[in-house]
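The structure appears right after this line, and notes come after that.
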Amino acid sequence: MKLSYENYMNLLFHLDHGQETVPPDIARRIVSNAVSPVITVSSTPELDRHIRDTYHLDSLYMFLRFFGDCVSDRDQANEYQPLRSKEEPELVAEPPSKADNLIENSRKSSLKVPSTSSDTKNTTTSTSGTTGGTRKRSNSLFQRDQTQSQYVRFTRPIDDLIESSDSNDMLFDYHSLEVFLENTLRLVEEYTDDNTPFELLKKSLYHKFFSLAISSTTYLSPYETFNHPVVSLIAIDISAGQGYEEARDLLIKFKNLNHTVENFPIFMSTGDILPVFLLCYNDESEDEQNACQQLANQLKKQLFVESLLLPLWKRSYSDHGEVELHQPIMSSLEEMLYFLQSPTPTRLPLQLINVTYNILEKLVKDLMVPFMKRKISFWEETILQPRKSLFHGANFFKKLMSKNSNGSNNHQPISLGKDKNGNEYFVASSTEFLMRKLADWSMMLSDFKTAYSTYESLVHDLENFPKYLASCFEWCAVSVLMGAQNIVTVKMIKNDIDPLIQRALETYENCAADEDSTGEELYVPVRSYETRCMFLASELFLSLSDTWTSTPYALNSLETILTECRLGPCSEIMIWERLSDCYYQRIDPRIRHKTSAQGAKAMTDELAPDEESNEEIVTRGLTRKRKAAFFRLIAANKWVEQKQWKQAFWCLKEIEEAYAGLDFVNREDLILARLKRQMNEAQNNVDESSNQTVESGAA
Amino acid sequence: MVNLSSNMKLIFDVETPSYKQGKRFRNTIVRNPSVMPQYFAIIGKKDNPIYEAEFTSQQGQQGQLQQGFQQNLKELNAFILHASLDIVEDLQWQVSPNAQHGRGGLSGGFLRSKNVNNTDNCYLGKVDHFYGLAITAYITYGGMKLVMIHGGPPNGNTQIDDNMVKSFYQEVHELYVKTLMNPFYKVNEPIPSPAFDSRVRALAKKYLNR
Amino acid sequence: MKSKEDINQSDKKMDRPNVASNAPTVADTQEMTEQQKLQHQLQIFQNSLPKVSQTAYMMLLNECVPLSMAVERKRGDCNSKLDRNCDDEVSQAGEQLQKIHVSPPLDPPSHQLCRELYEADEEKHNRVLDRLRNIGFEIGNKITELLVFSNNPNLQFKDMDLLSVMKFICRDVWRQMFNKQIDNLKTNHRGTFYLFDYDYQPIQSFALDSESSEKELQMVKPFLEIAVGVIKGVLASIGHAPEDVICLASYVDRPDEKPKASFTKGVSFHVQITM
Amino acid sequence: MSAPAQSKSLKAIGEDTWKNKTEKVNAELFTLTYGAIVSQLCADYDRDFQKVNNHLFSMGYNIGVRLVEDFLARTALPRCENMVKTSEMISKCAFKIFLNMTPQVTNWSSEKDAFSLMLDENPLSDFVELPMDAMKQLWYSNVLSGVLKGALEMVQLDCDVWFVSDILKGDPQTELRIKLNKVLKDEVPIGED
Amino acid sequence: MAIYSFWIFDKHCNCIFDREWTLISNSASGTINSKQTEETAKLLYGMIYSLRSVTQKLSRDDTANDVRSISIGKYRIHTYCTASGLWFVLLSDYKQASYAHVLQYIHSHIYVKYVTHNILSPYDFAANENETRGQGFRKIGNRNFISSLEAFLAPMIAQ
C-alpha cells in the first residue's frame, strides 16, 4: 500500500509505516501545499463559545485548522482507529448528508489511502473514482497530479494577522524553526527506541522542516501573494439564534477592513478576497435546518455572498467513533510550537469530520476555485492582453518608457504607495501587483504554464524593484520545476532554470547587502526569502528523475544555505544530513538498476565476495556513496555537539557500512572513533543515572 | 541561536562560495596566512591508504611553530580524502578531451624518463573542495590514487598552482614506481620505507611549501 | 638505483623528437602517418632505456621452473622428516657455511629438476605451477605501472577498455618480455580472449633426446605458467581481480603460413574475464 | 706482451659484443623479474633468509654453468692463464655483455688468488629496499655468486664466491669476493696417464 | 667429398656426438651417434689429446698454444677447443686449410642454442664419476641440434 502524504509528513506518529519508501513527488506535494490558498476564519464569540462547550476547542478557527492540507485526502478521517469492542459498519456506510450530494461528483479518490487495519476506513474511499471534470489539462507538457489545487490552509482573521505582524518580520523565523526542531527531536527521542527503523523517519523530519521553512500562514509578504487570504470564511451560529443581521454586520466589517484597520497593508485588498458565510447549526433541529437554508438564500440575494451549511452539532455524532486529530501539515510555526510544547489531544467524532470535509470540498470546488479562475481570467483580459498587444515585439519601447520614468524618479506613480512606516510598495490595485497575483494564483491552481509566462513577463516590469524582481525570478524557476518536472533536461537546467535561480539569489543578495549597509546588526527580512529560494531550489532539483544531473544543483543550494544563512544549530545539521541524502541520490542512470539490484541482493544476504568486487568495478565513479557518508559523519559530529545522541547514533549507523573495514578512517585519533567514544560515554552516563534513580528508589 | 560555538565552525570560516563573496556576518578568525598545510595520501585499490603524510609550512617567522591542520581538521582529513575518491573515480573513467590520439607529442615507454607528456592525463587537477580546502588528485596507471588536501588561507579559496602540484605528483609517482620495483613491496600494501617518506617530504618542500 | 647519467641521457633523447612532433612543420612528417610517427618515437625512446642481455633475462626466467621444483623438494624434505628442527638445522648450517665461505649445498642440475617436476605427483606439480604463476603475477601486476601508456599510441589511459588492455598485453608487455608480439588475438567481445604465440620465445630451444613427444610437451608446459601469471597480473593491476580471471595455456598447431620454429607447437593463452 | 694492451682489448671485446652482438631487454623488467623470484622465495621459506640465500646461489649456479658456454661462444676467448686475467674477463667482458656494467676489481689478496668486484651499480637490486628482518641475513643478489661459481667451475677454476657487503644492508658498497681454491686439472682419458 | 665426419668431445674426454658421412651424393647418408664409431672416437681423441700435450709442453709461456688442425695425407683434422673443455672436431679433405670458423659457428649457433640453452638437456653429459675420463656413453640426441647441424654442414659435403 502506498504511504499517504500526511502519514509521511507526520511519520513520527505513524511509525508503523517506518520501513516504507518516500512517497514519490513529495517535494511537489509539499510545495503545492505550501502555496495553497489561505482561508481566514472569523466567527462570532457566540459560535466560538458554543464550540468550546461542545468540542473543547477555543474557536471555529481552532476547529477548522485541522482540516487544512489536501482536502480530498481526508487525512483526519484516516486517523480513525475503531475500538475493538465497537462494530460500526452502519456508520461507515451511512449515506452522506444533503450537503454531500452537492459535491459528490467532484470528489476524487485516486490518492485516498486504503485501510490498514479494517474496512472501517472505507468512508474515504466509498465514493467512485470519478475525477472532477471542471479542470482540464491546459498543456500536455505540464503534468499535474489529481491532488493539485486541492490543498488549502486555514488562518486567523485578517485583522488578527495584521495586528500581530511587523514590517521586519521574516518570511519564516529562524529561531522558531530551531525551537520547533528541538521540540520535535525531543519527541523523536520519546517515540523511538534503538530498534525503530529510522531512515524514512529522518527523511520525513527533513521534509517537515522543509515545509515549515518555505511556508507561512501568518506572514503577509508585500512582494508576493501566496500567504494573502483568498477566502474569508465568516461564520455565525444559527443554534444561538444568530441570523441575517449578524452576518451582514460581519460582512460589512470585513469589507471595511481596508479603512478600519490601522496598518492595513496597502498591497492587500479585501476586494480580492472571497467572503463566504458558514452557517453552523444543529442537524437534529428541523427548524435550524430550514432557517439555514432560508438565510443562505437571503444572504445570496441581498448580499451576493454564498453560504455553506455546516451541521456542527448532532447528538448522534458522539454515539459513534471518535478520532484523535493530528496537527495539520501546513500550520504556522507558532501554532506548531504551541502544540508541540503543550500537546493537548483533540478528539472529534468521525462523522463530524466527514461532514466537515464534505463542506470543505464544496467550498473548494464550487466556490473558491471558480472564484480564483474568474479573477484570473478577468485580470488576463484587463491587464495581460492589453499589455501584450501594446508591447508585443517592442521591448525597446517599454524600456524607453521606463527609462523616462526613471529620469523623473517616479515610475508609474499610481502603482506605488507608502505605508504608515514609510515603506514603499506596489499597491494592491497596481498592474504589477495584480499581475503578480495572477501568477501566484495560477501557481496555486497548478496552472504552471500561465504562472511561468506571467512571472516571466513581469520580470521586465520589475527591473528597478529588486525585491519584487528577485521573487519573480524565484517563482519563475519554481513554476518550471513544478510543471515540467518529467521533461526537464540537462540543458534546461543549465540554460534556463539554474540561471533564474542564480539571478534570484543575486538579486536578493543585493537587496540584503543594501539594507545591511544601512541597518544595524539585524538580519534583514529579505534574507529569509533568499533562504527559502535555496530551500525550494534544492528540494525541487532533488525531485527530478535524473538525479545524477540534478543533485549538484541541489547540493549547491544547500551548501550555500549552510554558509550564508544564520540557521540554528539543529537546522544546520538538518542541512548537513540533506547534503548527505543528495549524495546518496547521485547515481549515474547507467547503473541505477544495478545498485537497486545490489540492494535487493544484499537483502537476501547471498552476495558472493567476488561478485561484489565485480559490481564495484562497474559502479566505480558512478555514485557518490563515500561523499554521502562523509557528510553524514559531519552531521553525526554536530549532533553529538548538540547532545542529540539518538540522531548521532542513527547517523553513525547509516555510515557504518561505508567505513567498515577501512582501518585508516577508524583510527583512534580520528573523528569517527571519537564520536563512538563520546556516544558510549553518554550512554554510560545515562545508564548510571538511571541506575542511581533505581537505587534511590529502592532505598 | 545565530552561530555555532562548536569547533567545527572553523571549517565554515574559510568558505567562500564560488559565486558569492563577502557576506557581512561571516566570522573570520584571523590566522597566519602563511600557514598552508597539506594532507597527502596514496590510496590503494580497496580505499586503503598505502602512504599518508601531512606537510606543514616551514615558512613562518622565527620562533613560530610549524603549523599543521587544526585539530578539528586533523581528525577529519582522512574522511575528506575518502569522500573525494568518488569524484576521482568518476574522472578516471571520463574520456578527457585532451587525451586524444596524436596529441601531446611523444609517448610513453618507461616512467623514469621524467617525460612530462606521458603523465599528462594522470593529473586530474582540483577534483573537490570542502569549505576552503581544495582537493587535488592524480591517478597512476595501475589505479593508485594520489590525493591531497590543500589547506588554504583563512579568507578565501585555496589557490592551486597546478604546475607545481602536478610536478609534485609526477615525482611522487616516479618514487612510487621505484617503490613498486622493490620486490619486498607488494602492490596495495602500505609503504613503510622511511626513505620514501623523506623523499616525498622533500618534494613537498620543493614544490608545495616554498 | 641506476646511474643518473643514464636517466638524463634518455631524457635528452626523449626531448628532441618531442619538440619535432610539436612543431607545426608538416614536411618531415609527410612520409609517416601520425600513428606511425608515434610508434617510431616510442621505439627510439625505449631503445634509449637501460638494458641488459636478453639471454641473461631468458635464462633467469626459465630457471624459475627448476628453481620452483627445487623449492618444492626442500619443503617436501622438511615436511617428510616431520622434524621441527629441520629448519633450524639448515639455517644453522647455512650460517656456518657463510662464515667459512664454502659454497652452500647445490640443488640438482636444472634438467634433472625439470624431469622431477614431470614425474611429481599432481599435488606437488600444482604447487610448483602456482609458485610460477605467482612470480608471473608479481611481474605483471607491477609492469603496468612501469610501462607508461598514457600517450603510448597503443593504449590511451582514459578510454581504456578490456580489448585495449589485452592489446597492451599482446604488444607492449610481450615485446618487453619476449622481444616479440603476440601473433594473433581473438575475442568474442564478451570477456573471452585467445592470445596465440606461435613461437613463444622461452621454449624455442627446448627438446628431449627423441622425436617430439607428449612427454616433451608436458615437460615444457610449466614454462608457460609465468606468462599466465603475467597476464593475470596485468589484468589485476587494471582492476580485474584474479578470482575473476581464468587464464589457461595450451598448445596449438602452428598455421601453415607461419615460418617453422624450433619448438613443435605454438602456444595459446585462453583468457576469460568474468564481467 | 703488455698487460694493459691485453686488458684494453678485453674491454673492446666486451663493448663490441654488447653493442653489436647482444639482444637486449629492458633492465627494469629484469630487475622486476628477479625481484619477483626473490620475493617468492622469501614467501616460500617464510622469511628464512639463509635458505633463500642458498636457493639463489644454487639457481645462479645452474644458470652459470650454462651461461658460460654462451659467453665463450660469443667471445671465443681462451682460458685465462691467471686470476688477474680472469678478473678482467669477468668484469670487462662478462658483466658488460650480460648486465651492461663493469664492476671495479679491487682488494687483491697478496697471493693474487682472491679479489673483489665492487658493484657500484647493480641491475638486480635497483629500487630494492630490504625489510628490517631481511637486513641481517639476506644477500639479495646472491644469484650472482652462484652464477660466477658455476661459470668459473666450468672453466676449471674451483672458486668460492660470496658477498662481503651490500649497500642494501646499509654497507657503504656492494662487494663480491672471489677466491680461487684450485685450478682443476683437465681430465685424462683412462689409459693415457 | 669435402668433409667426412664431425665429432664433439666434452671435458670428460667423452665423445658426446659423432656424425659420419658415407656418400658424397647424399648428405643424409652415414651414421649419427653410432656404436660402430666408438673405437674411432677413442683413437681420434687419443691422438688429439697426445698432440695437445706435446704442444703445450713445447710452448714457452702460459699462453694458449693449441692444436688447430692436423694434416695427414688424405685428411685434415680440424679442431676447435673451447675454454669450457669442449672439442669440436671435423675431418675434411686435406685441401681445406681451415674450418675454424665453421666449428666456431657450430659451437656458438648450434651447440649453445640447442644444447646449452635447452634446459631439458644436461649441460654436462657425465652424470657421475663413472662416466668421466672417456668412459661416458651419453650423446646429444635432440632433433633440433641434429637438424640444424645437418642443414649447416650438408652443403659442405659435396664441395
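Here the chain labels run A, B, C, D and E in written order, and each chain numbers its own residues starting at 1.
The rule is simple: a residue touches a chain if its C-beta (ideal position, glycine included) is under 8 Å from a C-beta of that chain, and two chains touch if they have at least 3 such contacts.
Quick caveat, the model's predicted, so the values are computed rather than measured.
Connectivity note: excluding subunit E, the chains that remain are still joined by touching into one piece.
With steps allowed only between chains in touch, the distance from subunit A over to subunit D comes to 2.
Common partners of subunit D and subunit E, by the touch rule above, are C. Legend note: the chain whose CA centroid lies nearest the centroid of all displayed protein CA atoms is B.
Centroid distances from subunit A, each centroid being the mean of CA atoms, peak for E. Separation between the centroids of subunit A and subunit C, computed from CA atoms only, is 68 Å.
Look at where the CA atoms of subunit C average out and do the same for subunit D: the two points lie 24 Å apart.
Chain geometry summary: the mean Cα position of subunit C and that of subunit E are 36 Å apart. The distance from the centre of subunit A to the centre of subunit E, each centre being the mean of the chain's C-alpha atoms, comes to 104 Å. Residues of subunit C found to touch two or more other chains are 1-2, 46, 49, 55, 59, 63, 66, 109-110, 138, 142, 146, 239.
Multi-chain contact residues, meaning those touching two or more other chains, occur in subunit E at positions 117, 123-124. Of all residues in subunit D, those that touch two or more other chains are 26, 28, 32, 34-37, 39, 65-66, 70, 126-127. Looking at the complex, you find that subunit E touches subunit D at residues 11-13, 42, 45-46, 49-50, 62-64, 66, 82-86, 104, 107-109, 111-112, 116-117, 123-124, 132-135.
On the side of subunit C, the complex with subunit B involves touching residues 1-2, 7, 10-11, 14, 17-18, 21-22, 34-35, 38, 41-42, 45-46, 49, 138, 141-142, 144-153, 156-159, 237-239. Interface residues of subunit E facing subunit C in the complex, by the touch rule stated above, are 113-114, 117-124, 139-145. Residues of subunit D touching subunit B in their complex: 26, 28, 31-32, 34-39, 42, 126-131, 134. Considering their complex, residues 18, 22-30, 32-37, 39-41, 43-45, 48, 50-51, 53-55, 57-59, 61-63, 65-67, 70, 97-100, 121, 123, 126-127, 143, 149, 160-162, 177, 179 of subunit D touch subunit C.
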